[in-house]
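As written, the chain order gives the labels A, B, C, D, E, F, G and H, with residue 1 at the start of each chain.
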Amino acid sequence: MDESALRALLEEVRAGSVSSDDAVSRLRDMPYENLGFARIDHHRNLRTGFPEVIYCPGKTVEQIVAISERLASNSHKVLATRISDEAAQALTARFPGAELRTPARIMVVPGDRPAPEPTDALCYVLVVCAGTADIPVAEEAAVTAAEMGSRVERLFDVGVAGLHRLLDQMPLLTGAAAIVVVAGMEGALASVVGGLVRSPVVAVPTSVGYGASFGGVSALLTMLNSCAAGVAVMNIDNGFGAGYFAHVVVRAAHA
Amino acid sequence: MDESALRALLEEVRAGSVSSDDAVSRLRDMPYENLGFARIDHHRNLRTGFPEVIYCPGKTVEQIVAISERLASNSHKVLATRISDEAAQALTARFPGAELRTPARIMVVPGDRPAPEPTDALCYVLVVCAGTADIPVAEEAAVTAAEMGSRVERLFDVGVAGLHRLLDQMPLLTGAAAIVVVAGMEGALASVVGGLVRSPVVAVPTSVGYGASFGGVSALLTMLNSCAAGVAVMNIDNGFGAGYFAHVVVRAAHA
Amino acid sequence: MDESALRALLEEVRAGSVSSDDAVSRLRDMPYENLGFARIDHHRNLRTGFPEVIYCPGKTVEQIVAISERLASNSHKVLATRISDEAAQALTARFPGAELRTPARIMVVPGDRPAPEPTDALCYVLVVCAGTADIPVAEEAAVTAAEMGSRVERLFDVGVAGLHRLLDQMPLLTGAAAIVVVAGMEGALASVVGGLVRSPVVAVPTSVGYGASFGGVSALLTMLNSCAAGVAVMNIDNGFGAGYFAHVVVRAAHA
Amino acid sequence: MDESALRALLEEVRAGSVSSDDAVSRLRDMPYENLGFARIDHHRNLRTGFPEVIYCPGKTVEQIVAISERLASNSHKVLATRISDEAAQALTARFPGAELRTPARIMVVPGDRPAPEPTDALCYVLVVCAGTADIPVAEEAAVTAAEMGSRVERLFDVGVAGLHRLLDQMPLLTGAAAIVVVAGMEGALASVVGGLVRSPVVAVPTSVGYGASFGGVSALLTMLNSCAAGVAVMNIDNGFGAGYFAHVVVRAAHA
Amino acid sequence: MDESALRALLEEVRAGSVSSDDAVSRLRDMPYENLGFARIDHHRNLRTGFPEVIYCPGKTVEQIVAISERLASNSHKVLATRISDEAAQALTARFPGAELRTPARIMVVPGDRPAPEPTDALCYVLVVCAGTADIPVAEEAAVTAAEMGSRVERLFDVGVAGLHRLLDQMPLLTGAAAIVVVAGMEGALASVVGGLVRSPVVAVPTSVGYGASFGGVSALLTMLNSCAAGVAVMNIDNGFGAGYFAHVVVRAAHA
Amino acid sequence: MDESALRALLEEVRAGSVSSDDAVSRLRDMPYENLGFARIDHHRNLRTGFPEVIYCPGKTVEQIVAISERLASNSHKVLATRISDEAAQALTARFPGAELRTPARIMVVPGDRPAPEPTDALCYVLVVCAGTADIPVAEEAAVTAAEMGSRVERLFDVGVAGLHRLLDQMPLLTGAAAIVVVAGMEGALASVVGGLVRSPVVAVPTSVGYGASFGGVSALLTMLNSCAAGVAVMNIDNGFGAGYFAHVVVRAAHA
Amino acid sequence: MDESALRALLEEVRAGSVSSDDAVSRLRDMPYENLGFARIDHHRNLRTGFPEVIYCPGKTVEQIVAISERLASNSHKVLATRISDEAAQALTARFPGAELRTPARIMVVPGDRPAPEPTDALCYVLVVCAGTADIPVAEEAAVTAAEMGSRVERLFDVGVAGLHRLLDQMPLLTGAAAIVVVAGMEGALASVVGGLVRSPVVAVPTSVGYGASFGGVSALLTMLNSCAAGVAVMNIDNGFGAGYFAHVVVRAAHA
Amino acid sequence: MDESALRALLEEVRAGSVSSDDAVSRLRDMPYENLGFARIDHHRNLRTGFPEVIYCPGKTVEQIVAISERLASNSHKVLATRISDEAAQALTARFPGAELRTPARIMVVPGDRPAPEPTDALCYVLVVCAGTADIPVAEEAAVTAAEMGSRVERLFDVGVAGLHRLLDQMPLLTGAAAIVVVAGMEGALASVVGGLVRSPVVAVPTSVGYGASFGGVSALLTMLNSCAAGVAVMNIDNGFGAGYFAHVVVRAAHA
């Protein structure tokens, strides 16, 4: 709740057009809707520029459908990440336009509001991944950024053990407004990319690997210790967060 | 080494104005200078937009002075981070214009090149920290971003245990083009800030704390698990990286 | 075994009404019943104010039923936590009044003894949780406190990434005699709540999350490092312990 | 900021006795005082029942003195924990009535406000510790609870390897309204005490120990895994937090 | 290979009754039998007092049967620990006298050699466990010690949260020649027992528990940090090792 | 891309036989083939002496088949490690000569190129493992080294708890040109072997074990701390890497 | 407090020779002496066979002297482990017969009671260590066992990287009644020794080492995972505990 | 002790020229010399090709001098690693030819035996390090390999964040017979180098770094997870081990 909104409301109170009881009530009830098991943050769209996204694990199919209905009824586009097959089928049955993006495992239900105007073709998010097994997380980032309105390019399977595969894509790398680097066994890729470009790099460790990869911890540490300035890190497997972050950067650059 | 530079050089070779021996030699020798114990990357300014920064720990005073001299002789501004008192005195003696920023522990030696034009006053990096003990890292971020050319604002000691101290600064928060959140014992601050703003948030855990803070690991984990989208994380105590990253985002938005 | 009980027994010995052999025997045999695989602590009700609760994992269905029978035959109310479907069915078949509380996974078999008089309506335990996926643990806490005799209120899905959902429930928060905060990905919630209220806060990390949440360790560490005084922490997913602790605090305040 | 305060302020705005500009201003400025390096939360006394306490590590002597002066100028009692000798001397020089409690390392500067009326003599916090080396943390808890207004009893060096030392103090244990258990090498003490009493137990692991004690982690884990219901845990060495928590429980029981 | 055996062999070589080639050969081939996938150590019986025991996980059913056959053909009693149902059925089919001990999951195939004479009835191993869920590991210890020839007593479900269940068994505790303490959530039990008795205590952490029990690590650390002298620790869930160790101690005391 | 290749290409450009556009293109496209989900590094054979090997986990059956086809079409021998049954069947159906090596779980598809001449019979890789359960990883190492062209010997089930099983194989140990030591519960074996031989030892920890073996971490740490010089370590379960490394050493010695 | 003592006391009560008040009092006061900061367990000698030992870290010099005085005044021999130079000087000044054992860092103050009769010369504790840097811990074990009354032999610097140094001491190894194995970088030594002997082996990891030795954790894990049956483990650097444990085993064997 | 030596000795015994007592004695005493605190392995030179090296930490100056004297008296070259200034001065005083190599911190005392013939100039060990702060460990590797007889080349400060510094040294990289890669914050360097060359790569993580570098653990994990085949890993900071290993590989290739 920002200062100007508060000030406007207070002016109304002072002018007598709003009672103080109403003001308290409005301040409390406006921004979300309480389903008991979830409080849907309809205000998030105004506050952060994008409606709430449903993170599916730990929610029942019924809960996912109910939240989707409430979001959709407010005309929001619905994004449901890491969705199970069962929940995907339920959403498909409920929303004819719903579409499951694989291998990202993101369900997209189009909203009534017009899509954000796509960013300039020259201003794109580049999603890079080190190995084939990292593609699902990379796609989660790519689909997220694209659904939010960014142009997205992909560069997959360019691990540092075969460096030439990366180096011959320099124009694609240096042209990006923001880069997402996704890697499990080759966390080093974030450092290498970070040293080659001017734009911000968002690194996403994946849980791909075995033995001392420790479910992504090794890649996470490698990325956190990157000596290349301009690299920031997301939680393990958090493709959604990286795509979101990259879009936010590109949106700012585009605006 | 980007494609256009390679192409230009190859054209010169083809035109006969450059021999292939010279070309090989130029490709090899151009971008850096070898001091034996260090290879100074003079090319970084072109590649990433800012000259190499000296990370002092593990380098002898003599090495720090020598690297500074080589950078300065190329007219670069010199930034030396986490500098010891002894090395700071040596640099002050060697470079009359050198200045030590405390409590950031960054030595700044101005270069001959004109400073980058400051960004628009409406486009600023905001550095937020949770507690008084987090200030040195927050200042490292603030000084870095400022020396690189960003306008910087500060908001210190606004931990989540006294939330009103943060909430009454909403205009400062929502107006920032990028936000650095620095916290040791209150890693939660990154989530809270991330939920209030539209701009990207760079979270820096600090090693401040005791017991189960594990030298910053707890804050790091808290930040990585943030549910607020738009938050990315740096290594523990890496104020420099956060300031650099925030500047890169603001520069893009400003450009 | 407290001093007064010992003193009384010794007096009987001295008076000759109890032989020393009998005294030794009574001291040894009185407080529990040995089933071989379990020693049921019938004395716990007197010592700590509530009968033994059955923690089901690792016990066979037969063992759970047998322990329930022994507790019930002493007129105790039986609580069996984290019960499997199979064991729940067996208890339902054996005890007509048994009831399974979902999603808490607690089986309740009413005892013959009159229920404890409910606490004053003004004196309640508030159970808060950050996300929908945290509800099973939150319900374990709520059901436990309620079955022990506390009035319980619930406030679910109020994570810090959408702070207004929490802040507009201030009266509910400040009115509670004890608060249980349950969170997996948003361990920060305990700090935020702790900074807003006067009453003791019991924080329960959950194993909800992915990547660097490490099965609840991140939330646990966040909670342990809370800067808000008045916050204490339970084991990961230990909703039972939190509900019990909160009830103990409320009972004391009520008494 | 609770609902009734907001409502009162809004009424004044509505009545015209406060302008909306003033209201915004008051909402923003009232609760704390900004020293630049610190934002002193004068409002905390109302919100949580006790003024802000100064955690000294990471603060300069100048900062500690400045914060103390601002708190004292508001008539608050000042508590400064884990204070260095140097800072203690500075406070002693500045505040004639200041007193250093050893081995708790807490500096107490009495405030002008009358002390809270002591709790009933029958309603006390009991601080138990396992070994002699745990005493500094135990004293931090004891001094904190006492300064906040609780009656405090101590029971030191009663580790479980010599159980009779604990068992013969049953009346002291069962009579306490809240118990703080402090232990480094013998985290088991919390379980044992928790199984003997009805009142809530706050367990504090200490960093005392060697080898696989891992700076208190072993004791922390032991305490978190306690099978005795009614035990909650604080951060390693957090005697202050435990004393504060125990006082809050006792205050509620006393009220 | 001990000195006297070497000396005897050398004497034979010197006497000419054994050629040096034969001696080398004998030294190499005598002590075990090579099945390719396993080298069965027939010499272990002489060296350590008990034949090789088959640890089943990671071995195929065929391998387990083959090793059992080779051991049995040397008249050894066969013990196969942590055996799967499938392997147990195969051994039962192959060896008529084979018997599966549950819940210890140890298969016993009696050998032709006469059983070791049982130890004196007054000289027994006591196996103590904290909770019902710890019984499988406790039984692994008990069956192992008994099969090796020790008299074994059991004392189950005597966790420290109900201390009287343990204390009234003092004669059983103080009379044991060696004690095995098995506990998952109540690692503290080893310290408590260790402080009550004169005999050596072998502590076995179990993987029973949840949350911060970390698969037995918490119990392991608790036991390693025991302040009671006379306590040594085995690997998590290593009931076999504890039973073996306790028998070795008792055998020495008996001899 | 090495200097001489670059120099040659530049000469062609200079001679006019290659245009600079072609040169750029050739530099970029030559070394690999882009399938979208994978970039097959056909150049690796020249650069490192062996074609790319397919690490199967995380790849779909379709992807594994497609990569195999592209490698085979370049006449390379195909090695696919840790292959699932399903993928193995698909490769067998597609490539008549394909053969699954168990228990190594490596699929081998012979290529058209003549096999590398086997190394001298006197120059062999020895693969040693500690226990029967370590055999799958040991076989992965053995098959890899053999397929690459090394002669391989095996020495299995020679754990340090029965040292004579190892010591009587001294000639086999001292004769090897490189030794791979594979162990899970007996990481110590690498130290023991390392102290007995002159040749390099590559140690591979396995995830075999239970409790405090932590999925191979204990063996990994034991091996890293080996006091025997001449021992280097691979990732947990990385039999492929160890076989590859040992072959590289032997190839050098053989050349 | 064992059953027979309780029974005797009860008999006296019954006979009227002891009042119940006296009995309560005696039960409470007898076994220890309360110094406020320490409760000296004079009863431990009867209960566990050896008086309390002073673990010095975390105790002040004054506390160490005071506890020593109380123990000595009860005629106990005083052992103070890990003593600082300052405390050692204070004890030497106070007790003329006190003697500091280096490098074990144990102070011994002889008591008035006659020394326990030494064990049979044929029945000894063997203390083995892997490297020179492990000697202080090994000596702590050796001095402890010797002061308690065991005959002790030493075998130092016999790490597994030079196995022959160990193997040629087979008679010393096989003759011991109990063996303490002390190792930091070569935790494997415990497995090797355990596989060679019949007697119980107590393994002590030391914090000697660097890098991935993690202050003794690697050695600890190696020892816990030992495949040699008959090996139990102590806390890191706990030479005292190992010496105590070994003595207890030998005493039993000797009795 | 290898088979042929044993066989020869046995032949002497058989021939009567050696008594069996003498044989036992010779087998036991020959290979090392017992100083009590250390057993010097004079036999190691024959067994592994290089005399014992003194690892100084944990040894007193007196012990280091004594061991050096014994090694020198057998004409061995003495290498003392990680030596303190104090011990270095003592060795310099004792051995006129002794020389301290900085920054490797290795003391070299030349032996009487002729130096091993240097390897072919075309066959060299290349030591690569990522940053200036990694140089001490890199030098430990370089000095070790050189003192053992390898030709050594150095390539320092070539971290992946400025990849061109590495790539323009391709001839030096591809020409090496073995490569040591030393890195703390840029563990990725091992992967990058491994992907560029045919020769074996020995990776050494260093403890250089801060925050989530965890004293070298991050670099260690990065290196263990390298996707480049042909990379093996040493303990953190173990420059000695890497130099030794690389020499062993080169010696084999040279032989």
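We adopt the following convention: a contact is a pair of C-beta atoms (placed from the backbone, for glycine too) under 8 Å apart; a residue touches a chain by one contact, two chains touch by 3 or more.
What you are looking at is a predicted structure, and each value in this text was computed from that prediction instead of being measured.
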Any chain that touches subunit F and subunit D: A, B, E, G
Same or different residue numbers at the subunit G/subunit H copy interface, by half rule: different
Distance between the centres, which are taken as Cα means, of subunit F and subunit C, whole angstrom: 54
Centre-of-Cα separation between subunit G and subunit A, whole angstrom: 59
Intercentroid distance (Cα basis), subunit G paired with subunit D, Å: 38
For subunit C, residues contacting two or more additional chains: 1, 3, 131, 162, 195-196, 211-213, 217, 220, 224-226, 229, 235-236
Chains touching one another, given as label pairs in label order: A-B, A-C, A-D, A-F, A-H, B-C, B-D, B-F, B-H, C-D, C-E, C-G, D-E, D-G, E-F, E-G, E-H, F-G, F-H, G-H
Of subunit G, residues touching subunit F in the complex: 130-131, 159-163, 185-189, 191-192, 194-196, 209, 211-214, 217-219, 221-222, 224-228
Touching residues (chain side subunit G, partner subunit E) in the complex: 1-3, 47-50, 53, 170-171, 174, 177, 195-200, 202, 220, 224-226, 229-236, 240-242, 244-245, 248-249, 252-253, 255
Residues of subunit E touching subunit F in the complex: 1, 27-29, 31-32, 36-39, 41, 43-44, 57-59, 63, 205, 207, 215-217, 220, 235-238
Subunit G to subunit H touching residues, read off their complex: 131-135, 156-158, 162, 164-165, 168-169, 208, 210-213
Residues of subunit F defined as touching subunit B within the complex: 3, 6-7, 10-11, 13-14, 16, 19-21, 23-24, 27
